[in-house]
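Encoded as structure tokens, the structure appears first; notes follow it.
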Amino acid sequence: MSYEIGSLSLDHPVLNGSGTFDAIAARRAFGDALLEDFPFSAFVSKTITPEPRAGNPPPRLYETPSGMINSIGLPNKGLDGFLSNDLPQLAELPVPLIVSVMATDRAGFERLVDGVGGRDEVAALELNVSCPNVKSGLIVGEQPSETHALVTALRERTEKPLIVKLTPNTADPAAVAVAAEEAGADGVSLINTLRATGLAPGSAEPWLGAGSGGLSGPAVRAIALEQVRRVAAAVSIAVIGMGGIETAADAAEFMASGAGLVAVGTANFRDPGAGIRVRNGLKNLLDDTSTLHLNLRSN
Amino acid sequence: MSYEIGSLSLDHPVLNGSGTFDAIAARRAFGDALLEDFPFSAFVSKTITPEPRAGNPPPRLYETPSGMINSIGLPNKGLDGFLSNDLPQLAELPVPLIVSVMATDRAGFERLVDGVGGRDEVAALELNVSCPNVKSGLIVGEQPSETHALVTALRERTEKPLIVKLTPNTADPAAVAVAAEEAGADGVSLINTLRATGLAPGSAEPWLGAGSGGLSGPAVRAIALEQVRRVAAAVSIAVIGMGGIETAADAAEFMASGAGLVAVGTANFRDPGAGIRVRNGLKNLLDDTSTLHLNLRSN
Amino acid sequence: MTSRVLAPFGARTANVVARRETGGYVVFTALDADGPDPAPGQFYMLRSDGWGSHGGRPFLPRAFSVAAAERTADGVRLEFLVEAVGPGTSLLASLEARAELTITGPLGRPFSEPSEVNPAAPGAIMVGGGIGVAPIAILRRHLTEQGIPGRTLLGFRDEAHSGGLELFGACQEVGLAFEDGHRGHQGYVTDLLQVALKGDDAASAAVYACGPPAMLEAVRAICAERGAQAELAMEAPMACGYGACFGCAVPLADGGYMRLCVDGPVVRADEIETALVAGSGHR
Amino acid sequence: MTSRVLAPFGARTANVVARRETGGYVVFTALDADGPDPAPGQFYMLRSDGWGSHGGRPFLPRAFSVAAAERTADGVRLEFLVEAVGPGTSLLASLEARAELTITGPLGRPFSEPSEVNPAAPGAIMVGGGIGVAPIAILRRHLTEQGIPGRTLLGFRDEAHSGGLELFGACQEVGLAFEDGHRGHQGYVTDLLQVALKGDDAASAAVYACGPPAMLEAVRAICAERGAQAELAMEAPMACGYGACFGCAVPLADGGYMRLCVDGPVVRADEIETALVAGSGHR
């Protein structure tokens, strides 16, 4: 069984969701034990933007039944800060690095792809398209046409595998996935978070500093599974499935539904070793074809 | 405080979600006790279609973390069966009747609106637009333009209040709500269920007979609240908020977010008296303005 | 019976007052202070504290046939036989005395009197399998109290799955079948039914059955073939138990589906197309 | 101290071995068989059975400062002081001995030695308020063991909120303030701090504080005004506790935010813009 995203070949099918594991911070907390048994077959960075961002005002977290809303607001050091501060540290990880990038215009995306794509330490790029295009006012990832145009433009600028991170906040994610594939993407990852909000207890005001945010965790798993199933049926590039995966059995459901790879997101918060549990459990399930008759699809 | 949907004025803000309470069956189970303290200020029927439907093959239910998926498939007796069998029984309820209707083409919707709208027992109609238009192949409620065209055509055929039941499976529900308002709808209700699936345990096959279905319950509450907030900010017609409401506090959050009315859906399954609990609890909260500083909006 | 006993409207609380283990199963008793006496074949929707604690499941209440009901000064004592097969049944099976339940019921259509099933019936032939013996136990007691003759045939896979036998107490007039043959007839309980119907005039039989889908389907087929009248107590996944969700679909013989929670769980064998409904019943 | 003690990678189990109630609070002891000794000021992320059972919450683990840590042959005995303010703390406060916890830790930046806070400091001034006395208790014991002099000032709203005092055992050398005046100084513990800093050369002080945001903000302002060096142990809503989620944002004095879980929970008072962070801390 092989796990591939375009030309990038991985050792096992479990990645992290962008923004749900910070390998640099985790190393501060857990030391080099982290590197000795690194959970993921590739590390996906938190999304970076061309310029530095402080992120949203607190509170940034809201807990929901079997899930959580985050409105973090993409705090990051910007492209230059990332390249000078973070990249050398991420290069020490024992696995390939996938850098997630986002901008609000074409030029910004181009700068990111040029800057990140030119570095040997980087194995692949993930395009976070859950962002407005300031020109059209549309969220790129909600529109097949916008996605197609963006990926086409970026495809020319790098040979590295390009993954498009799909948004679930749209009527037909499969149409966006097909647009990404046609424009030359090597993979799609889904789902990102679902727009959501919650009020401060006993108040009429939203709890989150930014008013609303994105829902993740087990609450969204059934939605994610359906979107993965539809997307995987529509494209033949790599599909990285995520959304509420907590156990190897959950991950196996995504793989049985057509995802060649999976990512662990919110589950990392409840257990920093969630990725190890999922990876090892999945290995047992995949080895023991008698227990689980999964019609696994490899890319 | 008044609770209005167009010309229909209700005693309190709590309705049932279509398809989540069958007053006729409940009377078989609970007897006339049901009528003595009927939970809802209006009764919303399960969606009916022009012709009878048997519904989807079982299994039709899948349980998820803090929620459930249903793929019931709109079993119903069809317009004629509804008018002759169900309507007389529903007319015995102590509250106004709102009939939910759906068809896959304009002519079908027209037949339903003519047939149901012409009956005195019926106080209002709810248009379930989570259905494909067989001509365009598009899901009506996912497209502002389709919704506008449908509501415009139906608006001419009845003086009764028209409610459009919005689907959450779209990038911008507020745009669809605005289209409904512009075409003459008296209210919008949201959210309907989110497309979702789950696999049979230890298998690679979807559990549900129909392959996939719709997610409801507390798991979707935060998504519903965000959509209600956005829709209520965009329209000035009645907004009926629902999605995972289990308690009066949940309902109050929807009202604080701009819903003038709320509906109890999946919570009815866990407790047939959920509507009574929500209604009574909400009355206490609304009376006691000191405990909850809700910026309630009445229509 | 056996008209449907109505349930109080809304979920109410009831406390577990006793619990015992029998074979691999648990029998617990709940004291229902506010409810009526159920009719044999009816069920309750149950949930308890801890609902939601296994990764957000169980979320919905779970359906259980009442296995015995005894009126006391404090209310009705309801007995349930539980096999732990998933998160909901595991939680319920682990409840100790004093635990609080949230219950709705009695619900559904009960068994009919033998004379209603078949006016020619001198009595009843009751067939129970596995965990499905619960409603047979309360039916049997009901008939005995009324002085209506009945024969009871029970089948189990093996010792480990025969906990339900305990519900039939000391009474020895029960025909037994064990698939592993360690006791009674070696084979299926439906073998015993075949024999019973052969002896009798099948056309004057009133058969009652509850058990796994495969057993019920065999009962249905045997009775259809022999022209015997039968009522089957079935299972289907249920969200609500009172007709609200349309989830508990069972295919009808003449097309379409019934809602098992309001049109069953006891159905006439000739009403349904098959007792093998996808997603339904114990193995 | 006091460099950060690293946590084993991944959540592990630990059992509750003791529980006592003190005032309105609960102190429970967990035996951590596999973890290291934490440094004062560090915290653990905790969850237990029953997570998810109150309408799907709590879902995320909850952060708790360690109040005492004692190495035994079987592992480290960790003491936590818990105030039940919501579903997570209520569950933890109700755990009995033998209950299983899932823990990650020790996490975060601990208190610095007084000489690191201020090379001129002869010792420490420790200020604790309400539930926030927990990390002060372990810090105090640590300094005592090292023979470093320290004064402890504790403030409580009233008797009902003074359960944390018990952590300071028999030792009487503690300055007390109660808002309701029923004991010690009537008023805020920051009044005592004002007095303490007046007596001393504030510029040679090393102040440590933990308590409600309003108290920490007062400490911050007082120390800034008097030129005293201070470390504050803060709270913020946390999803992960190890820098993964960026949820625990605390505004920095020179713009932007820190992640309190990895850059705190102990922060230098002059690093932050304010201790009053929306959504954070006990009342």
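Note that the chains are named A, B, C and D in the order they appear, and that numbering of residues resets to 1 at the start of each chain.
Here, a contact is a pair of C-beta atoms (placed from the backbone, for glycine too) under 8 Å apart; a residue touches a chain by one contact, two chains touch by 3 or more.
Here the structure is a predicted model, which is why all the values come from computation and not from measurement.
Novice: Among all chains, whose Cα centre is located farthest from the one for subunit D?
Specialist: C
Novice: Nearest whole angstrom, what separates the Cα centre of subunit B from the Cα centre of subunit D?
Specialist: Inter-chain centre distance comes to 48 Å.
Novice: Taking each chain's centre as the mean of its CA atoms, how far is subunit A from subunit D in angstrom?
Specialist: Each chain's C-alpha centroid was found; their separation is 35 Å.
Novice: Check each residue of subunit B and list the ones that touch at least two other chains.
Specialist: Expected reply: 64-67, 218-219.
Novice: Which residue numbers or ranges of subunit C touch two or more of the other chains?
Specialist: 52, 55-56, in rising order.
Novice: Looking at which chains touch, is this a line, ring, star, complete or other?
Specialist: The chain contacts form a complete graph, every chain touching every other.
Novice: So in the complex, which bits of subunit C are touching subunit D?
Specialist: Contacts found on subunit C: 49-56.
Novice: What residues on subunit D touch subunit A, complex-wise?
Specialist: Result: residues 4, 6-11, 47, 52, 55-61, 102, 104, 107-108, 236-251, 255-257, 259, 262, 277-280 of subunit D touch subunit A.
Novice: Going by the contact rule set out above, which residues of subunit A touch subunit B in the complex?
Specialist: 62, 64-67, 69, 139, 142, 169-171, 194-199, 202-204, 206, 212, 215, 218-223, 225-227, 229, 244, 253, 256-257, 291-296
Novice: Per the contact definition, I'd like the list of subunit B residues that touch subunit D in the complex.
Specialist: 65-66, 218-219, 246-247
Novice: Can you check the complex and tell me which residues of subunit C touch subunit A?
Specialist: Its residues touching subunit A are 52, 55-56.
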